[in-house]
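Single-structure report; data block below.
Here the chain labels run A, B, C, D and E in written order, and each chain numbers its own residues starting at 1.
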Amino acid sequence: MTKIMEVEDLEVVYGVIKALQGISFYIDEGEIVTIIGANGAGKSSTLRAISGMVRPSSGKVRFKNKDITNSPSHLIARQGLSHVPEGRGMLTKLTVEENLILATYNRKDHAKVKEDMEEVYKQFPRLSERKKQASGNLSGGEQQMLAIGRALMTGADTLLLDEPSMGLAPLIVKEIFEVIKRLNQAGKTILLVEQNAMTALNTAHRAYILENGAVLKSGLAADLISDPEVKAAYLGGH
Amino acid sequence: MELLEIKELNHMFGGLKAISSLNINVKPKMIYGVIGANGAGKTTLFNLITGIYQPTAGQIFLDGTSLVGKQSYEISRLGVARTFQNLRLFNDLTVVENIQVGQIHRRRLGKHKTKDLSVKIESLIKLFGLDVRAEEKAGNLPYGMQRKLEIARALATEPKLLLLDEPAAGMNPKEVQGLVGLIKEVKRQYSDITIVLIEHQMKLVEGLCDYATVMNFGQVIANGTVEEIQNNPVVIKAYLGEAEVG
Amino acid sequence: MGLFMQTTVNGILIGGIFITIAVGFSISYGVMHIVDFAVGEWIMLGAFTAFWLNQYTKIDPLLLIPFIALFFALVGYLFQPIIQKVVNIKHRSAAMMALAFTFGLSTLLRGSALTLWGFNNRNLVTMLSEMNVNLFGITVPAIRAAATVFSIFVTAAFAFFLYRTKTGITIRAAAEDKTVAGLMGIDGHRISRLVYAIYVGLTAMSGVFIGSIFSVFPDMGLRYTAFAFFVVVAGGMGSFSGAIVAGLLLGLISSFVSVYVGGAYVFLILFFILYLILVFLPKGILGKGW
Amino acid sequence: MFKKLSIMRGLALLAISGLFLSLVGCGSASTGAGSGASTEARDYYKVGVITSLSGAEVYGGNVTKYGYELWADAVNKKGGIKVGDKSYQVKLIYADDQSDPTAGANAAERLITSEKVDFILGPYTSGVTKAVAPILDKYKVPMITGSAESPTIWTQKFAYTFGTIPAADLTANSPLDTLAKLPNPPKTVAVLGVNDAFSKAVAEAFKASAEKKGMKVVKYDVVPAGTDFTPLISAIKQLNPDVLAVGGHETEHMQVIKGSKSLGFMPKAFVMHYGITTPDFIKNTGKDGDYVYGAAVWTPDLKLKDDLFGTVQDYVKASKEKFNAVPDYTQAGCSATGEAFSAALAKIGAKPPLSEQQREQLVKALEQIDIQTFYGPIKFATDGNWYHDNVGLKALTIQMLNGDQLVVGPNDMKAKDPVYPVPAFNAR
Amino acid sequence: MSISKSFSPVKLIILFLSMVVLCCLPFVVSSFVLRIATGIMMWIGLALSWNMLGGYMGYISFGHGASFGLGAYIAGMLMTQLHLPFFVSLLIAGILTYIFAALVGYPTLRLSGSYFAIGTWAFAEMMRQLVLVLTITGGPEGLRLPPMLNDNFFYFVMFGLALLVFMVAYLFFEHSDFGLKVKAVREEETAARTLGLNTTWVKNQVFALSSMFAGIIGGAFAYWITFIHPDSVLGPLIADQMVIMVLLGGIGTLFGPVIGAIVLYVGNQYMLVMWGQSSAYLIILGLAICLVILFLPEGLMSLLRILRGRRRGIIKRLLPGMKKSNI
């Protein structure tokens, strides 16, 4: 397996707040890696720094053997790395279809685009039913599906998913995570950020536990599930 | 007699129910925790108590006085103070000035002499360890200090009820520990005060709170002492997620 | 009844011209969040360019419209980075600084025009200037009818562009959330430049019609800035249908007030209505603004 | 990044401070020279000119400037103003009032106290004139304006302010009077006016004179500057009046003609006032501007003459040569202001620079003069509602044809019979 | 916090000396220069009054000229029609402008940001149109006041008013609870409300107070110029100039508006004298605004700060051991 992404000593500072204190990790091609941790642990900041939404104050991000640190987000997106932001980043005034078309803005492989579009509608039949609806009118779960579908439409092979379970009912969460698994089986590499630790660990191959902007622990997801420290980080030690 | 009594509170955003049929009772002098994941409706609850939003239905009483329909500043004058999850300091004002703003309406009531008030500011600043940077602009303080300043500013209004919205967000373990000590010290010095704090980290709640409520999707899913809650299966499920997927 | 119909038609024809301006202004506000005080000056420059080109080439100003639109789009495209720099300034009220900047720009452009071209009124004669059409007893000045039809046509074309083309979707996406658009591989700065270029091009183009209906002079911008603000604000910033309704409203109010209330009260009532709309319907009369 | 920013800041600082320093430097140098002149004996008259060289009224401001400049040229060519047995040249000092009364007052103060001018040639607009006049009274410096026509200037009875053009309410009734004397006089009139002091006075005078002559005023509306005229014109079209009378300036006149044509409205005559004789109006309306009636106190075809300018035709020639502009009555009125001063100065024998006492004498002399010029007689009223206004002139009715102003009334002055009703736009 | 703390003895002496110089001015300079000085004083007062609203509270108004014009017209009408003495008229003009602004403030202050800017602008235009059509104001003929031609008098009136506004800005906005409330509204309105501040009331007070000062200055202006016209006292240029002066000098500072007013007014006057016969000064004005915003967004005050910082830097370089010895 080859490392598709390597992050070295990534540091992010917002004004006076140090959100990331220098974290390092890697992702192999075809993996699902999850970063779990409490609110404010620096999970979202990690994704933002990778996808160019914020400029890291130091550190390096390498993607497919290219240094993408400090590239603007639209150029990073064109490398095949797509970030589904926290809160789903809906463009509420655009219809479902327009959201999807938008994502293909930089693609020239029209035949493949068409194929991908069909694939997305196949994966998410609910989106197909609501093609012409403004995405603002979708339910939370549908919006999450659209956000993922949109990321796929950019032609990305690597997805950064920021809290896909946020604000969703358990049944829907289950559905979303099934999709994530399917996508992985279809060959996508996925970096998943979650508060919903158990679900995330059950889905991922490997995991990193973040606390206060630093990696607390890492390892195979299966090993971490039973780790008391993980439980402690969430529920308090007993 | 409850200090804060919330009855059948409902709040809608557009067509979405952010809070539904919420009931919470807080006894005086308690430290009370409201726990829940992101999007569970905790901040909305605070916004409803402090009059930033008006509830769609339901009642909120402070010491028997209804808060529904009152403006934020009126509620503050009745003795409710709060902090914000995403810090809302007066960034261009100094630390002292930030706290002074908190004192203003007290001063207007004429109950205090200016001298007493500046003594109070001094003790607050000392308590929160802000004395070395008292004349600095709030926006230039390090993050942890900004969090503390917000609490100090809220305390300056001399509230009966202090609402803390994720006071530990973004702090490192050492800072969190300091914060816990600080809140305990506040409770010791202001013995009459009642504190309600929003938190999603059990850790903090565990060390501080007498009693807690867990929220999920705008509803209360559990009530009780911290220990009861930690062992409540519904809470564990909501917190750690489904044990099995697929 | 004849007068009523005539007044209605007049109103529609007055307001029609401003729809194009409002649409361009709205979309540029939507993407860049800048209220442009220089909107009237772009109108003035468009009118003057048409006048001078007509003087030297003898080509009818109406035929020059595509060229003027393209030329000013280029001007806007080249100028936008400077405005972007102002917006990016780290300042408590960056949007207000941008507002003041466009105010400075408008003073600069007006001053330059006055210095270069003097104070005289100029007449922009087109092939339609002399004509009028009589429909069921209602006289329709040909140039105004052409301006309104053209305006509706341009607005429709622009709407098609925004809603039916990939680039259009991109612009709407950037207007709603530049960060998310960036994650889709869209360069926000490029879109801002493009949108500003379109806005300047559309506005300068409308200047040709306004210049030929009224007259061309360096100070003309001030007045049309007021009208543009009315239409944009009343329609709700960023709303297409709002802009159209507000444009027609502007025309109908001016027309009916002049005829039935008295010409002296036109501006008084227009500004009063604008103020009321702002205070009570800040999202515009259709409630569709950003 | 930061370094780059500070370099840009430095540049901006240099640019801005350089700008203002140079301004302050130049400015203080010029005022320095001015204040030094107080005791200096000079052998020329320093003449202040306050007029609108920028702002909304810049067009008219320049017309007055042409007039004043032609007078200065003519006088200096002759060696200057002859006082006693010596002639003194004149030198014009301009001050821009920006079409704004406040700036006008500042300009007057500067001309008097810094430049120490002997007398002043006045502003284009009535508003500025009213703001300047009290300052002249304070410093006892006489001024003649060759332009401002609002009747409200003269009711204030300013001691040091004179005017060569009769107030609008004295002149504006002439076209309708002329039309009323025709065998088939108009029966209905619509009156439009713009809401500025001069235009409103004209509109009021049109209305009053129409009513006095028994015509029916079917519509009377005074609108703010910048209003679109089409709705009003279409409303008037429905009323179908014989005459549309408009009080305004050249911009509005052009728009009324343009709007009427595009709406297919053709009354039997258009009546206007100042502005239709300007090159802008003539050039921009072309044939459509023909046959418009107007009021004037002077036209380039009058058979008048004086010693300074020669005949009216000589004056027109001089204006065409220097400014490529056919003069109108405002320009001529401005040129004539200087002649009034020359005559008064000669009479009291005051050499430059003038003392305060001499300036007081000058005002007395101005009140007494009664001269004939290429512009017509100049004699200022000394009491009544037109105090210090030149009431010696007779209002003429003119009708435009091919850019020429043909005098069509009153009967004893007319060069041609008035055309009424006028041919339609498309029949010319 | 106290005066002595924010004003060092050196500064106090400078302040005192400049007061003395300013008081002696009328007896030294020519009346044209005095007139310019009077104008500067007026604009300092206006810029400071605008700064209360735009700077301290962060509500950028493009309609502040309406208060100026309203004050001018009220004072003018009281003096011409009721023949009240000047100072009485001025006082009433101030009170009426205050009341009027307090009433208009409630709906207008619901707006914020660009909407507030456009709203105030629309309101001011409306006022101008209203005065143009009313007969009581003289409409387009304008209003003439009985002339009182004493330059020194008006210099001292304007000087006094500018000083008054300056003192109010200093005492109320820089050094009082009220000022804190206002700044709190600017920085974080929601937080201010939850701390017990009735921000609606605070905003309205600032709006009314700053309008009142503009109104009083307008009244003094009317008597000084003796002739007012809707286009000259209610035109957009009045408000525009206030905005530009404050931005130029430094928004939200005490001395920024003062510096801005002096630089812009003097600059404007000299440009008029130098290039009055062309429109070039408009180009320079426009260019100056653009350059300042591009490169000095914090205004000329920030230059002072940079210079002061540099001076400190030089001292540091000269005395490298100083910092260490302090520790």
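One rule holds for everything that comes next: contacts are C-beta pairs under 8 Å (C-beta built on N, C-alpha and C of every residue); 3 or more make two chains touch, one makes a residue touch a chain.
The structure displayed is predicted, hence computed values, not measured ones.
Peer 1: Which other chains touch subunit A while also touching subunit C?
Peer 2: Joint contacts: the list comes back empty.
Peer 1: Which pair, C-E or B-E, has more C-beta contacts?
Peer 2: C-E
Peer 1: Using mean CA coordinates as chain centres, what's the subunit B-subunit D distance in Å?
Peer 2: 73
Peer 1: Whole-Å distance, subunit C centre to subunit D centre, using C-alpha means?
Peer 2: Once rounded, the distance between the two centres reads 36 Å.
Peer 1: How many Å are there between the centre of subunit B and the centre of subunit C, using C-alpha atoms for each centre?
Peer 2: The computed centroid separation for subunit B versus subunit C comes out at 49 Å.
Peer 1: So, what's the distance in Å between the C-alpha centres of subunit B and subunit A?
Peer 2: The computed centroid separation for subunit A versus subunit B comes out at 32 Å.
Peer 1: Which residue numbers or ranges of subunit D touch two or more of the other chains?
Peer 2: In subunit D, residues 54, 56, 58, 195, 224 touch at least two other chains, as defined above.
Peer 1: Multi-chain contacts in subunit C: which residues touch at least two other chains?
Peer 2: In subunit C, residues 92, 114, 264, 267 touch at least two other chains, as defined above.
Peer 1: Using the contact rule from the top, write out all pairs of chains that touch.
Peer 2: The list of touching pairs comes to A-B, A-C, B-E, C-D, C-E, D-E.
Peer 1: Of all residues in subunit E, which touch subunit D in the complex?
Peer 2: It is residues 30-33, 35-36, 39, 129, 132-133, 139-142, 144, 147, 149, 221, 225-229, 231-232, 237, 263, 266-267, 269-274, 276-279, 281-282, 284, 288, 291-292, 294-296, 303, 306 of subunit E that touch subunit D.
Peer 1: Could you pull out which subunit B residues touch subunit A in their complex?
Peer 2: Where subunit B meets subunit A, its residues are 37-39, 139-143, 146, 166, 168-173, 200-203, 205-206, 217, 226, 230, 236, 239-246.
Peer 1: In the complex of these two chains, what residues of subunit E are touching subunit B?
Peer 2: My answer: residues 1, 177, 180-181, 183-184, 186-188, 190-199.
Peer 1: Report the residues of subunit C in contact with subunit A in the complex, numbered from low to high.
Peer 2: Those residues of subunit C that touch subunit A are 166, 169-170, 172-173, 176-177, 179-188.
Peer 1: Touching subunit E in the complex: which residues of subunit B?
Peer 2: My answer: residues 50-52, 71-73, 75-77, 80-82, 84, 88-93, 96-97, 100-102, 104-108, 153-154, 156-157.
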